[in-house]
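Presented sequentially are two complexes of subunit A, the first with subunit B as partner and the second with subunit C.
Our next item is the complex of A and B:
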C-alpha cells in the first residue's frame, strides 16, 4: 500500500466508511483493504505522464486557485494595506508582532478551544445516545432520525434570525422558562458567557445529526453475536454500552474529535450572524476576527497575518487526521 | 442495541428519546410560529409576492449547478488519472490536493477579493462558483479515487486490448460504475454551495445577483427589521432543502456523513 492510499482509505473510514466497504446508494464505496497497485510508470517520459492530462483540470481549478491565494495571502501579510489604495507599506513581520500582542487574538484562540471541548463532549454524548436508542426497539425511529438530521441541511444563514428571535429577551426560550416557573427575563445575547453558550448550542443543534449518523453507521458494524454472548452472560444494558459498543466505535469518536476540531477552527457563520462576535469580543473566533479586521477595519495586511495562522492550524489538523487514520489502520491489522 | 424486555422500559426509553429530540425541533417550531405572528399568512403573501424572490432561488440554483458540473468533471477525470493511468509523481500531486482538505474559506478572503475585482468578476456568479468549486475538489477527489481504486484495473485493460482509447475506456467502462460516488459528491457539493454564505456576502453586491442565504438580510433592510417577515422568508428558503432531504434521505445521510470532513 502506498502512503497516500493508506491515508486516503483511513480518511474515508474516519468519515464513517469502513475500509471493508459500505454501501452508498446500493453499491460499494470505500474498498477492499488491498489497494491494487497502480500501473507502474514505464517507457518514454510522455508514457510515464499519461495520467497528467486527466488530473490537470482538478489541479488547475483547485491547487491553482488555492495555492495562488495562499501565496498571495502570505505576501499581503507583510504589508500595511487597506485593500484598495495603491499605497501599501512593507512592514515585514510587523503584523505578526501585532498579533502576538493582540489580546483579542488570544481570546479568539481560547474561545475556539473551549468551543471545541464543549461541542465535542456534548455531541459525542448526544450522538451516541441517539444512535444506541434508535438501534433498539423503539417506535417512530425514522421520524426521530429525520428530526435530528434536518438541521444539518438548513443553512446557518437561514436559521440565524430564528435563533436571534428564540434567545431574545422576549423570545421563545424565556417564554418556556417562564412557563416552567423559572426566571424569564434573561438577555441571553447581551451577556458574554451566555452569548458563548448560545453559539455553542446552535453549533450542537446544527451538527449533532452528522455525528449521530456516523455513530449509527459504526454501530451497524458491531458483531451482534458478541452482544448476544454478553447478554447470555448477564450483562446489563449499561454494561453492554460501556464495554462493547463504546470501544467498538472508538475509531468514529476519534474521527469526530478531529472533525469537530477542524469545524471549530472554521467557525464563522454562526457567531457572525447571531452575535457578530460580541458582546465586547466575547464570542470572537479567528474567522470572525479575520472578517472584522479585513472588511470592517480595512486592515487587510493584519487580516492576512491572522489568516496564515488559521491556515497553519488547519493544516496541523489535516496532519493529525491522517496520523490518527494510520494509527487506526495499524491497530486494525 | 439495548435490550428492552418490559413494556415499562420500552416506554421509558421512548420518553427519553422524545425529550432529547424536542430541543432539535424547538427552533423549527419557533420559526414557523414566529412567521405566522402579526399578519399571519399575510407575511407569506408579502414574501412570496416579492418579484426578486425567484431571482434569489435561480441564482442559488445556478451557483449549485455550476459548482456541481465543475467538481464532477474535475473529480472523475482526476480519480481515473490517479487510479488507472501511469503517472510519475502520482503521490506528490495527490498530496498537493489533500493539503487543501481543511482550508477555511475565510482565509481566502483578501486574495480572492483582489483577484475577483481585478478580473472584473465582482458581482457575477462566477466569483462564487470558482472558489467554492476549488474548495470542494480535494475532498471529492479523495472520495472518488478511493472508489475508482476498487474498480478492477483489468476492466480498463480489457477495454484497451479491444481497441478502445483511454477516453473511451473512461466514458464507457469506468464512468458508468461510479454512480454511487457521484451521488455522494453531488449531495455534498449541493449542500455546501446552496448553504454557502461568506462568498455570496463578499462578492455579490446587487440584489439581482444575490442568493437565498442573503435573503434574511435583504428582508431586514427592506421591511425595517419586521421579524415576522424575516422568519417567513426563512421558512420559504428552508423548505426546498428540507423537502429534498426527506425525499432522498439515504443519499443525504450517506453523502453528508462521508463529507463530514468538511
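Our next item is the complex of A and C:
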C-alpha cells in the first residue's frame, strides 16, 4: 500500500511531511499555484501525438465499454421500454419526472443516507480500533488479522442464507435471547427498522476488515519518533490516538468515506439477498429498486433513469468528499 | 531501425484499434428501435435431427430430463440441452440472450407476471400456427387449453405452445402431523385457530407463508376474498369495482387477523416462500402452507427425495405425506373454497434459431402430443394442456398411495374445471401492488383501508395495456 493511497495528504498535514510546492534536495515536490506549466514538446503535431497509438486501444476499450454504455443507458432512460420489445416509446424526461414523484425513490435515497452514515461511522470506529490494537504487542496478532479480514472475502450469496437463519423468528439470535431470559419471538426481518439494522450489521461485518487493513497500513506510515516523543511527553493512549494517529490517517478516512458513500449508493447484494428490499420497501436502495423495476417489472427505461441518477449521485458524492477533504487539508497546512 | 519498428508497432496498434472499434460500435437501430425483434432463420435445419438448447425456470432438472428422455425415444437424433434458470433471474438472463444471435432455441414464456412474461418476449418467438395445424388438424384450438391459446397468441399467431396449466387456491397439509396430534383439518376460522393452538403447544409452527416478496400471498388474499364473496376478486382485478370496496377492505382485515390470531406464523413479511417456507414444510417443521397445483410433485417419492436432497435434509429423514385440502371458510359465510387457474407456461421457438425446425418439433411435442403431455402430466408438476391427457396415477409412486392418490385426483379434477383466472389478467405492476398491500397490512405499516387505497391508485396509474 503506497503512502499516497493510504493517507499521504493527511500525513503531510498532520505528521510532518513537507507541504506541496517545497524544494527537497534541489527538486520541487508537489504542485502549487505558482508551478510553471511544463514546456510543450517541440516538433510537428504528429510528433507530439506520437504516444496516442499506444493509449488508443485502452481508450477505445474504456470509451467503448464504459462510456458508450453510460451514454446508451442515458438514451434508454428517455424511453418507455420493456427491454426486449423491438419498439419503444420516446418519453423524453418522463421517467425522470416519474422518479421525482416516486415515494420509493425518495425512501431509497433516505435509506442510502442513513446506511452510509451508520456504516461509515461504525466501520471507521471498528477499523481504527482493530488497527490500533493490532499495532500494539498483542499475542496471536496474525490470527486476529485473519479473523477480522475473512468476512471481506466471503461472497454475500454465501453468507446471506446464514444471516437469514440467524435473524429468523426461530433463529439463533432469538435462541440466545431466550437463553438469557429475554423476549425470543422477534421477527427481525419482518420489521422495517430492525430489517434495516440487520442489513447494516451484515454490511459492517463484511466491510470492516478492509477498513482495518487500510488503517493498519496507514498507521504503519506514521513516524514512530513522533509517537515516541508523545509518550515521553506523557501522552496517554487515547491522547496519542486522538492527536497523532487520527490526524495521521485522515487521508485514509477520507478514502473510506468516498468508498463507503459510493458503495452505499450501489448497495444491492446484501439487502436483495436478505430482505429483498422489504418489508414494504423499508430496506430498498437504489440498486434494489433498479433491479426490481428493470427486471421484475420490465420497466427498463425507468430503471435506466434511476441508473443515471445513481451515477450522477456517486460522482457528486466523490467530488464533494474530495473537495471537503482538500479544503480541510488546506486549512490545516 | 528502432524508430521503424516503433512505427510498425504503432500501425498495428492503430489497425487493431480500428477493427475493435468498428466491430464493437455497430450502430443500434435508428429512432426508437432498440434492437429487439425477430429475424427468422432462412433455413431452420432438419426437423428430426440437430442439437437444441431449452431454457426455462420450470420444471426442475430431474423432471426436464424425464421429458427429454421421453422425447428422445421418438426423436433420438435431436439432442436437447436443458438450462434451468432460477425464477428471479430468468427475465434478466433471457433478455440479452434473445437479443443476441446465440440465444436458446426453445424458451419458456409465462402468460403474465414477472418471470418470462409473454408480452415482453413474444416478439422473439416464431409463429407456430402452421405447424400446430399440421400436427393437430385445423380444429387444433379445440384440443388445447383455450385460455392458453388465447394467452400465447398475438395477431392471430400462436407464439408459444401451451404446455402447462397451474391452479391455486388450495392448501397443503402434512398429513402425518395432523394424525399425530389428532388435529381435524380446519374448515373455518375457529377450527383453524384451534388447530394452530394445538400445533404451537407441541412446539411446531402452523400456517407459514412468505408475504410480499414473491407474491404467493396474493393467492391467500384471493382465497380470502372468495370466501367473502366468490368472484369479487375478479371484479376488482378487471376494474369492475374499486379495491376500496368495503368487502375487499374486510379481506385485508381478515388476512391481518390470521396473523393476530396466531394462525399465520410470526414474521411472514420477512420470510420467503422459497426456500424458507418450502423447506420448513417439507422437513416437517410446519403443518400447513398455501401452494398451488405445482406442489403435487412433492407427493411423489422421486421429486420429494430430490427436493429434500436439494435442501440438505439427510436422506434417511422420513418423507412427509403431503395432502391438498380446501382453504377454510374464513369469512364464515358458507362459500365453498374454489380454485383459480392460469395458463402457466408455454414453449416458444426462437425465431432466430439455427435449428428452428428441430426446436419446433420439440416445443410441439411437449405441448401438442399425447406422449409429451403424458410425460408432463406424470411428472405431477404441471397440469396438462392437451385435451384428454391426465396423470397415469397407477404409474406414479406416491409417498402414501392410499391417502394421496384420491386427494390428488380430486385436486386435478377441480383444477381442470376451474374457470376463474389466477393472475393471468394482472400486469406486473398491478400484481405487485396487491402484494405490496398484503405486506403493508401484515407488516403493520398500513391499515387495510390505506392499503386498499394504494392498490386502487396503482391500478389507476397502470391501466391494462399501458
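The rule we apply is simple: the second predicted complex is superposed on the first by the 270 of 333 C-alpha atoms of A that agree within 3 Å, B and C clash if a C-alpha of one lies under 4 Å from a C-alpha of the other, contacts with A are read in each partner's own complex, and residues count from 1 in each chain.
Simple rule for what comes next: contacts are C-beta pairs under 8 Å (C-beta built on N, C-alpha and C of every residue); 3 or more make two chains touch, one makes a residue touch a chain.
Please read all numbers here as calculations on a predicted model, not as lab measurements.
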item: First (subunit B), second (subunit C), both or neither touched by A:157; value: first
item: Touching partner for A:307 - first (subunit B), second (subunit C), both, neither; value: first
item: Which of subunit B and subunit C A:83 touches, first, second, both or neither; value: both
item: Which of subunit B and subunit C A:268 touches, first, second, both or neither; value: first
item: First, second, both or neither for A:279, with subunit B first and subunit C second; value: second
item: Subunit B versus subunit C as contact partner of A:197, first or second or both or neither; value: neither
item: Touching partner for A:61 - first (subunit B), second (subunit C), both, neither; value: both
item: Partner with the higher number of touched subunit A residues, subunit C or subunit B; value: B
item: First, second, both or neither for A:254, with subunit B first and subunit C second; value: neither
item: Partner chain in contact with A:122 - subunit B first, subunit C second, else both or neither; value: neither
item: Set of subunit A residues, in rising order, touched by both subunit B and subunit C; value: 50, 53-54, 57, 61, 64, 68, 72, 76, 83, 161, 294-295
item: Interfacial residue positions of subunit A with respect to subunit C in the complex; value: 50, 53-54, 56-57, 60-61, 64, 68, 72, 76, 79, 81-90, 161, 164, 167-170, 185, 187-192, 195, 275-276, 278-282, 294-299
item: Of all residues in subunit C, those that touch subunit A in their complex; value: 10-11, 13-14, 16-17, 20-21, 24-25, 28-29, 32-38, 88, 91-92, 94-95, 98-99, 114, 117, 119-121, 123-124, 205, 211-213, 265-272, 275-276, 285, 428-429, 432, 436, 439-440, 443, 445-446
item: Subunit A-facing residues of subunit B, complex; value: 1-4, 10, 13-14, 16-17, 20-21, 23-28, 30-31, 33-34, 70, 73-75, 77-78, 80-88, 90-91, 93-115, 130-131, 133-135, 137-138, 141-143, 145-147, 149-150, 152-153, 166, 170, 179-181, 183-184, 191, 194-198, 202, 212-216, 220, 227, 230-231, 234, 237-238, 241-242, 244-246, 249-261
